[in-house]
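By letter and in written order, the chains are A, B, C and D; residue numbering begins at 1 in each of them.
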Amino acid sequence: MRLALAFAAALFAAGATPAAAAPPVKIGYAISMTGPFAPAARTQLNAYRLWADQLAAQGGLDVGGVKRPVKFIVYDDQSDFAKAPQLYEKLITDDKVDLLLAPWGTPFHFAIVGVLEKYQFPVVGNSAASVTIRDIKPGNIWFTTSEIPDRMAAELVKFMKKENVKTVAVNTLQLPFSLEVKKFLMPDMASAGLKVVVNDDYAPDVKDMTATLTKIKAAAPDAVLSLSYPPDSIIFIKEARQLDIKSPFQLVLVGPTDYLFTKMFGANLDGIVTMGHWVPNQPKWPKAKAFYNAYMKKYGEPPDYLDSALAWMSIEVLQQAVKTAGLDKAKIRHAISTETFDTIDGPVKFKGVENVITPTMFLQFQKGRPQIVWPGSDATARFEPKPEWTK
Amino acid sequence: MTLLRLEDVGKSYGGVAALRGLSFAVGPGEIVGLMGANGAGKTTAFSLIAGTQRPSEGRIWFDGKRIDGKPAYAVARLGIARTFQIVRPFAGLTVIDNLVIAALYGRLRERSRGAAEARAREILAEVGLAADATRPAETLTLAGRKRLEVARAVAAGPRLLLLDEVLAGLTASEVAEALDMIRALHRRRRLTLVVIEHVMRALTQLCQRIIVLHHGAKIAEGSPAEVVVDQRVIDAYLGTRKL
Amino acid sequence: MTRQGWQTGLVLVAATALAAALPLALGTYSLGVALDLMMWIALAESWAMFSGLSGYVSLGHAVFYGVGAYVTVLLWQVLPLWFSVPLGGLTAAALALLLGWPCLRVRGPYFVILTLGISEFIKYAVISTEAALGRNGRLLIGTPSLTVLFEAMLALAVLSMAVLQIVRSARLGAGLLAIREDEVAAEAVGINATAVKLSAFAMSAFIPGMVGGLMILRSTYFEPMQAFSPTTSFTIVTVAILGGSDTVAGPLLGSLFLVLLSELLWTRAPEVYMIILGVLLVAFVLFVPEGLVGRAGRFLRAPKPGPSSRDHRAVVIEP
Amino acid sequence: MEEVADVSLILSPQLLAAALVLAAFYALIAIGLNLVYGAMRLLNVAHGELVMLGGYIAYWGFARWGISPLISAVFAVAAGALLGVLLYATIIRRLFRSTRMLARVEANSLLVFFGVSVVIQNVMAVAFTADQRGFSYMDGVLTIGSVRIEENRLLALAIATVACVACALFFRYARSGMAMRAIIQQREAAALVGIDVDRINIQVFALGFGLAALAGTLVSMTAQISPFMGFPFTVSAFVIIILGGLGNLLGSILGALMLAAVEVYGAALISPSFRSILVYGVFIAALLLRPQGLLGRSIAAR
């Protein structure tokens, strides 16, 4: 409904500009609006909708120097990976969209790579990162994140070494992204001389982690790495607090950046390290605060520092590419592959599928706010050992 | 010469004996009655012969082959068909389909559906259900279902037919008709029958020989005339009945 | 019956020929929808062949779909597809034999829940296996074109209808129906219930195995949570029962209905699409309980309504 | 690198506490499911959605108006019961309309409830968005001996235990509780001895749905909720009632304890990655070895 209003507003606004004669630019995407992934996809979807509002307010999208109205075509993939490629195929062949935005999550990005290659349709991916995709060298998808598992593993090990971590417990969810992170992490930790004291995997429908966490508590490692997704990240944090796991370095892979965690855990989130490379208060990134404020204004709560920010970055990349290259696919592809983009996360430039400018970073919650604590060059705060859990 | 022979057959459920040391033989073409009060073990005996249950002890021969312990379908294919005391038609299927299935799977294992249907129609005519052939079985009256139960058993092409109280619950005139039907089947299809019945008069009319069970054991065997005067039978069984 | 059978056969051949020509007429998207339609037909007809006829409601057919997909993915670029996809079907059938042996001893709700449980069990076993292998999602680049997949799926859909029709009119179908009505009585007329159920269960797994293989080539991405999703099982049952689950026409109509309805709804009302689907499902069960094909669930011919429909079998609990 | 599982973990009271809390949720959910199955042979695959609804009521009460989940629980039970009654009166009763319908009531109920679950999930998603939600209530950590436990968990355990005991007493002593048991044992006979089966059915729906909603309020105090959270609970509840025996109400409690033990101790002794394999493995084994359930009172299947 909100979306329909946005279209209407977009069209109305377009009508007021001189470019009214130009046909609308069709922008499509499919994302999980129902089904088990819908909750996790919300913060990305919010960023997309915010963009639709802004385009409407600005009177359209700048296409090679001409402002044109936009029309969004949005589908629900029903949290079904098998639907995603069909829907993107429909958007490309049936709806004949001019531009595509990415779906939510690593598996969905995986799922559409085949279709994008088949139709040579460029998409700037966001909430996904995978060495597997990088290895097949696709030419039509890029990742705004710098958290590709092998890079992240290497940085995490350096980070832990610097913080004097000697022993590590790893607890991993059996889904592609977290497993890929672990796959690169284990050998890196071994060669860096970090000792793994607990190493458990768990299946996606876990309801209780007491067994693993009791082992971790007994082993008292310097670092606990919870390679988890939001639902199980919640279980981890709750039970780690309950068992009073005192490790000074505690990483929770995916979830804490979603504002839900702040609402649920408040001060208990302090000290938790998580993946992410964006915060609104980094002075080097002038656009960051504006995005934060706009999101805050529309939704009444802060964006997800991970998914919302990545989604917004992908929009910025696409928008800037279209501004110079127009709607021609080959030109867009060329622009994305070669240009440097100015985003809320600083400059972004791709080599292959990867964002090669933004360093791999880690965030830590301090006094209720995420801060960049690694690497030192971009840090907005210094790492602090995990404070005591509240009683 | 015997078609069916039981030797010391017994069945117990968790220590309680439902049937003990039962032995008897049935010759080809005979009609033998099985009599006894409720719980005397009659239906158990049928279940053991038909393979619905396995005997705890003893041996059963049919046509010279050991059949105890064989599963029900295998026994049926050898040529033993049974009816159930509480009828079990394939309720959702038509009357004729009930028979067609038996003809396809029973001893005859009819090759084609056409042949099975022809056989089914023939039997339906014999049991007086020809007009009801295409009705769903569940729409038949009780008497109709009893007939269907017999007809389906016959359609399997048995040499030995075990009839379990097919007359129970019928009115007097229905009983007479059913008896005629059974006799006709016996004659025309050269069947051997073992019959369980509560209706005393019917049993004595129908059978050449009667076996009386009491508390799971055989207490008498002989012609109807002999059995009804047997003192043990009178004590154990007839004594409990209001004649 | 035979003349009618011939006519039906002719119509079917003509329809198949027409369908086979669809790729010439349809755009990519519509062809994708047609592929989906063929998929549901193939799955639901296969399901009906076992569950519709025997009354053993399998809520685990996703496992056969998933296993077929997994075999095809494992053998991707190892063996040619014309070999690996049928091998997926055979593996699914073999799995059905293996599972059926213990499972088919329980009936009614136990069977329903057991099949659901087993399919979840195998799903998680595959997840663990993939994790242990260090495979984090598998991408297949360079799969056959949509047209090829459509023609293959059409062949499976036709095959599944033919199998159901043949089984229905053969001894096996008679045995299954007897088992559905009364298993003890069925054994008493010579039906080896175990053998009949097992062979039918295995047959009903074969085509879904191949469907899974084709669909994974279509989606180009294999992830066990998805490939073995219980939603597939639920949808198969829904489609088959919407149509009327023991005739060839039933699952066909059910699939048509579901696919067309979802096409109609999901673009126009994406957020209420699922709600409408749910409401329709409930309405169908309540008001069209015998499915779209009506009371065509009879074995040889449509029954003439009997003069009385007194029923002694069941007790009505309603006052 | 793989360390051997520490057997001393079995003796950890922390694990016992975790298992008990999990079992308490499971038991509440499973009893309701088993009641509805036992009395009417209905496969309620929408049961988990009631848990979800209960969770939302507690969440909204707390987030919007600061109402304690303990008070919301009362409303949740009432709302669940009301929904149960409505569902029974408008839909379920029709499943028993004719003998033909009755013969396929299990398959039909599966489809109807599947439809209902899809509707409930998506209505909630449309009305309240698909966002995950969670709140913190009584999240202080208590130390009891060597066990550390959040207050809300302890509270949930206590409430669930009280509710289970109350149910047991109700089935044992209350008139309608006894009638419910009678119907579960022998539907036809129950009707013959003068039990108004339809009325009891309504009560069964009210009680079963109310219990699930209550479980939902307790779950929401300890975990996050979303409109699509229900299905795993449904599956677990089915596993439990099969373990404990369909129609056997006390068996449900035993089954819940078993499932929770398998989850918690299985993870401790073998590996958490085998959690689901273990759960379903135990379930399949139990079903094949003792199809009548652990406590043995069997209900003839069909």
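We adopt the following convention: a residue touches a chain if its C-beta (ideal position, glycine included) is under 8 Å from a C-beta of that chain, and two chains touch if they have at least 3 such contacts.
On a predicted model such as this, the values are computed, not experimentally measured, just so you know.
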Legend entry - Partner chains shared by chain A and chain D (touch criterion as defined above): C
Inset, instruction - Please name the chain that ends up farthest from chain A once chain centres are defined by their CA atoms averaged. - result: B
Legend entry - Centroid spacing, where centroids are CA-atom means, of chain A and chain B in whole angstrom: 75
Legend entry - Computed distance of Cα centres, chain C from chain B, in Å: 41
Legend entry - Computed distance of Cα centres, chain D from chain B, in Å: 48
Inset, instruction - Return the residues of chain C touching two or more other chains; collapse runs of consecutive numbers into ranges. - result: 124, 127-128, 131, 271, 274, 311, 313
Legend entry - For chain D, residues contacting two or more additional chains: 99, 103, 121-122, 125, 273-274, 276-277
Legend entry - Residues of chain B touching at least two other chains: 92, 138
Legend entry - Residue ranges of chain A touching chain C (in the complex, touch as defined): 33-34, 74-76, 78, 80-82, 84-86, 89-90, 93-94, 106-107, 110-111, 113-115, 117, 130, 132-133, 136, 174-177, 179-180, 183, 201, 203-204
Inset, instruction - State the interface residues of chain C toward chain D in the complex, per the touch definition above. - result: 57, 59, 102-103, 105-114, 116-118, 120-121, 123-125, 127-128, 131, 230, 234, 237-238, 241, 271-272, 274-275, 277-282, 284-286, 289, 311, 313-319
Legend entry - Touch list for chain B against partner chain C, complex: 50-52, 71-74, 76-77, 81-82, 84, 88-94, 96-97, 100-102, 104-107, 109, 113, 117, 132, 134-136, 138-139, 141-142, 145, 152-153, 155-156
Inset, instruction - Please give the residue numbers of chain A that touch chain D in the complex, ascending. - result: 32-36, 38-42, 79, 171, 174, 186, 196-203, 205-212, 214-215, 218, 230-231, 234-235, 238, 241-244, 258, 260, 263-266, 389, 391
Legend entry - Complex contacts: residues of chain D adjacent to chain C: 37, 41, 43, 91, 93-104, 106-108, 110-112, 114-119, 121-123, 125-126, 187-188, 191, 196-198, 201, 231, 235, 238-239, 242, 246, 273-274, 276-277, 280-281, 283-284, 287-288, 291, 301-302
